[in-house]
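Across the two complexes that follow, chain A remains constant while its partner is chain B and subsequently chain C.
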Partner chain A sequence: MNNTLRQIFRSGKFVTGFAIFVAILLGTLIYPLIITDAPLTIIGQGTFFPPGIYVSVYDSLGSTRYTLDLGEANFNRIASRLSEEDRIAIKEWLVAAGIPEADIDTADTQKLLTQWEENFDAKKSIPGMTNAKRNYYVRLDKSIDGLLSAEGAILAQANAETGALEQTGTVEQSDFVNVQQVANVRFLPLGTDNFGRDMLTELVAATRVSLIIGFVAGIIATLIGLTLGLLAGYIGGPVDDGIMFITNLFTVIPSFVLLILISFSIGQEQRGAFTVAVVIGFTSWVWTARAVRAQVISLRNRDHVNLSKLSGHSTVHIILTDILPYIASYVVMALILQISSGILAEAGLSILGLGPKTTDVPTLGLMMNWARIYQADIQGRWWAYLPVLVTIAMVTFSMNLMNTGLDQVFNPALRD
Partner chain B sequence: MKAYQKYFTTKLVWFLTTFVFAFLLNFILPRLMPGDPVAVITQRVTQGMTSQSGAQAVYQQYAEQFGTNKPIWEQFFKYVVNVAQGDLGVSFSQYPRPVADILGASIGWTIALQFPAIIVGWLIGNSLGALAAYLKGGFDKVLMPISIFVSNFPAFGMAVIMLVVFGVNLRWFPTSGGYGFDLIPSPTAEFVWSVIVHYQLPFWSIVLISIGGQAIGMRSMAIYELNADYVKYSRFMGIKDWKIIGYVFRNAMLPQITGLALSIGTMVGGALVAEIIFSYPGLGFTLLNGVVGQDYPLISAATLIITVMVLIANFSIEIIYGLIDPRVKAAQAD
Partner chain C sequence: MQLEKKPCLTGVGLTKTFGMGRTKTVAVDHVDFTFYEGEIVSIVGESGSGKTTLAKLLLGLINETEGSVEFLGKKRDISSGKKKQEYWKSIQAIFQDPFSSYNIFNKIDAVLLDCIHMRGGKNLPQAKKVELMIEACKFVNLKFEELTNKYPFELSGGQMQRLMIARIFLLKPKILIADEPTSMIDACSRATILDYLIQLRNEIGMTLIFITHDIGLAYYVSDTVYIMERGKIVERGSADDVILRPRAAYTKRLISDVPKIYEEWDLSTV
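Up next, the complex of A and B:
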């Protein structure tokens, strides 16, 4: 046993897969200890906030201010507010107004704005320009004017009695606050999802639930498969025929069709994560049963089994002590594959809208489904689907690496 | 040829048995749902309906249609007769369009997409796997981890990534639909071109998914065969390398064909989900619409059609396998 373990942990593939898997597992266990928020609380009013550090504007007004004279501050401010479309529009106008195109560089904000200041004239009529476009340029000009102003912003408060605004302070352009000193800062490493929920917290919870679904489904499938495979392989005869008949049927009838039919029949209300896991388990035992049966048949007539039979041991005893240990490595490998395919099956079901009930817990598949429904992919909200995809891929990849590694240890013909 | 006939008959009988069983499951599973299926369905259909008599009428209609007031064997008989006549019921979500009509419109897309994609993926995957086994070294070291990674990548994940990279960022291909939304199906060059362009992303994402698993399987088989005695013997005999590879490839190929037959159901399942990502107007997307619209007849019929398609594909592969594997004939001749 020890020797086998040592051998397993010497296989590079297994160790890599195992390391990735343990890292993911530890992540799902440790993260909730640090960030204790409920994973499905809606914190954002709106959809798909991009990843980043969110600083409370209100609190930063009250924090200690520091004056930093940074040369590029003004430039950065203008550059960040002038969108790419605006720059192109400015260029278009300037070209139409007769500035040579080679002189205009949309990336050089300073130069572009100087050119605009010098040349723009709202009254100038440019042939072929629609009225809407002309109004757009007037608006653009105004907003650029605001950008260039060097004065600070005035803070005002409404007087409780008269309702008139009274100036309470100003914010200079060179004022800075230290993020450490602002009372409310929230780091959203993966932004928020379509409901305004913290993606990372949700993702961690979803990974845990998906792993549990995978484990439950995998264990059920392996237990059923193992039992049927052992019975069919060891007892043989009509038992074998009967089990193989059913196994062959379910090999050919696609399991996802059964999954869809059963999940739909159960109905949205009754479909919790556990139910889905059980359903997946009950529809995916076929491969294990086939493989176990084949292994058992090759073991059935070995000398040690025959000896055991001659000694009068019971069938159960023989199966447990003379057969099971020989196929244990195989069963573990099958279990690993079942877990990974269970996670994938849940994700596939959820994409079809047949996943677990959405209000309880997030799963990786449900997160993909939400991202798909809210068109995160087409809108370029990569943080809503890419981390989920990477997680699914890493989980299944690590399990298959472990499986391949084990395969090479137990099956010397496959070694490199 | 007599032996092959016997093989064929056995397979045909088996195929028919499976079909009957699948058909039974399709009939029984939805009826196992807790409570009165018609009540559940009408409740879904009449959600938001205020008129009590209206809901009552809907209930009556579906009770009549499903025949739930009759004994189960009579219901089954009616179901069989209806399906045999091509009457798969009327869709809830696209009322009063018959389900057979909806499925008829989408099945062509699915067959045209998945059949070539799975075959191409299988061919490329097997060639890569055999090459990896033969060349070893760097090619093998690079190809294998990629194959393992890709084969475990969920089908929808591959579809989403293809969509984002080639559809949204590079804008090479359209992101959804089977043809341009501004076109109506007609045999014009414009329409055909539109179909071809829309075909690319779903097609290649299915191909990419199927490559990985096949490459891994073929590699192990080919390594096993390359170490076999007949290869060593052939080498001693001085037979040319490429001829030996021919033998090896042929022998390693046979289990791969069986593998294809066994995994075709899973592959079709993945491909259906890929269709959903691209809103491709095939069975996957129809199934999604059925689920979203709580359209029970549509789902039931779609799953039946998918099962039949998978069964036929499976049967065809078995038949071809019987033709090319000499052992099948030998075994049958005994």
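Up next, the complex of A and C:
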């Protein structure tokens, strides 16, 4: 037994899979201890805020200001404010004005602005340009001038009595605050989702819930499959016929279709995460039952089973001590596969809108569903679906890797 | 041989078929026989002739397709689990392949303890149980102290078969079916194992049904010999009759395969 364990942990595939799985598991356990927010609280007004560090503007105005003279500050500011559309518009005008296209680089802010300064002339008429377009260029030129100005911004407050604005201070371009000293800073490594919820917190909670769904579904499926497989295989006869009849019924109807039908008939309100897990478990035991039955049939006529009978053991005792230990490794592998397919089944159901109800807890499938409904993929909000996909992939990948590793230990013929 | 023979196992038209349609095999084909109490019977046949299947039928480990078995003069009744457990107190077996006979997850102590429990020794004090196990191991020249807490697969094939005999020593059944107990064992251990088997049989006076493919060995150990060919019993009689004066062609062929048969059976070549 110890020897087998040692062999298992010497298998590279198993260890890799196990390490990934444990890392994910630890992540879902430790993260909530650090970030204690409820995973479904809406913090952002608006959808799909990109990943990054969010600093409270109001609080930064009140924080200690430091003056930093940074050579590149001005340039950076302009570069970040000059939008992609403006850059393309500038390029268009310059080309129309006769500058060779090869000389213009929209990524090089400095050069682009210099070329603009040198060449732009509001009065110059460019053939084929509409009035509206011309006005747009005049506005663009003004705003570029504004960008280049070195003046600070004025802070004003409305007087409570007169309602007139009174200047309370200025913010110079060289003013800086230390992020450490700003009262409210929020790091959103994965931004927010369509409802304005912190993606990472949600993802961690979803991973945990999905793992639980997978485990519950996997354990239910394995228990049912194992019990039926053992009974059908060992007892045989009419018991076998009866069990195989039910098993065949379930085989003919694909379990996912059955899953969809049952989930649909349960109704959205009744579908908690646990219910969904149970339904998945009750529809996916079939192949475990078949596989266990086949294994048991090949075991039941072995001499050690006969010897156990001759030693006066009862059927239950024989199943538990002479059959079960021999298929235990196999059952563990089946369990791992059932867990990972349970996670996938939940994801599949949720993407179809038949997953757990959306108000309780997030699941990986629900997150995919939300991202899909709010068209995160079309809008290029990768942070709303890519991390979820990667998590699903990593969880199932790690489990399948463990499984392959176990398979190689238990079936020496597969070793490479 | 005893003067007054009491039948202990009788087969009437006993048949076992496996599979159906084109894959149907008749492993045991309408065999009739009577084994008497206390005798040593050999069943001889080639590989695939149905010896193991017949043994399993006699043990009640598989159900006969046709025919019936009488046990101690009455029709055998093993219709329920309880009755089977009762039956197995009287009839035991040693299997062909010692390496697959043991549950690899059970320790040797458990194997022997099961036998003590089966004989109603469940409530014996621990010391008494150990004493019994030591005695049984000693009988087959094994040291219980060295075996305790070990697994059967840590033993050699010969040691495993000797442990099987120790098991029978504890169980003291009326009938023992030994299915080629030495076919998987090296030549040196064979003789010792046979010796222990015969010695045990003499000690507890059980009926020994000895299955072998080696007609010479059958001649050496048994009172009565049955020859099996493809599921059928083709010849039967006292060992002397069958082997020294064979009638069936099949028996003659089996004997001609063993050139030394007319010489004194020499244990060193077993």
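By our rule, the second predicted complex is superposed on the first by the 404 of 416 C-alpha atoms of A that agree within 3 Å, B and C clash if a C-alpha of one lies under 4 Å from a C-alpha of the other, contacts with A are read in each partner's own complex, and residues count from 1 in each chain.
Following the convention adopted for this analysis, a contact is a pair of C-beta atoms (placed from the backbone, for glycine too) under 8 Å apart; a residue touches a chain by one contact, two chains touch by 3 or more.
Computed from a prediction, not measured in an experiment: that's the story for all the values here.
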On the A-aligned overlay, A:310 touches which partner chain: chain B = first, chain C = second, or both, or neither? second
Of the partners chain B and chain C, which touch A:322 in the superposed model: first, second, both, neither? second
Can A:302 be said to touch chain B (first), chain C (second), both, or neither? second
Contact-wise, after the overlay, does A:210 reach chain B, chain C, both or neither (first, second, both, neither)? neither
So, A:109: does it touch chain B (first), chain C (second), both, or neither? neither
In the overlaid three-chain picture, which partner chain does A:363 touch, first (chain B) or second (chain C), both, or neither? neither
Partner chain in contact with A:283 - chain B first, chain C second, else both or neither: neither
Hey, which residues of chain C end up touching chain A in the complex? 56, 59, 61, 81, 84-85, 88-89, 92-93, 95-97, 100-106, 111, 114-115, 117-118
Within their complex, chain B touches chain A through residues 14, 17-18, 21-22, 25-26, 29-30, 32-34, 40, 148-149, 151-157, 160-161, 163-164, 167-168, 175, 220, 223-224, 227, 262, 265-266, 268-270, 272-273, 276-277, 287-288, 291-292, 296, 299-300, 303, 306-307, 310-311, 314
Would you pull the chain A residues touching chain C in the complex into a rising list? 302-304, 306-315, 321-322, 325-326
Within the complex, chain B is touched by chain A residues 248-249, 251-258, 260-262, 264-267, 270, 340, 344, 347-348, 351-354, 368, 372, 377-378, 380, 382, 385, 389, 392-393, 396-397, 399-401, 404, 413-414
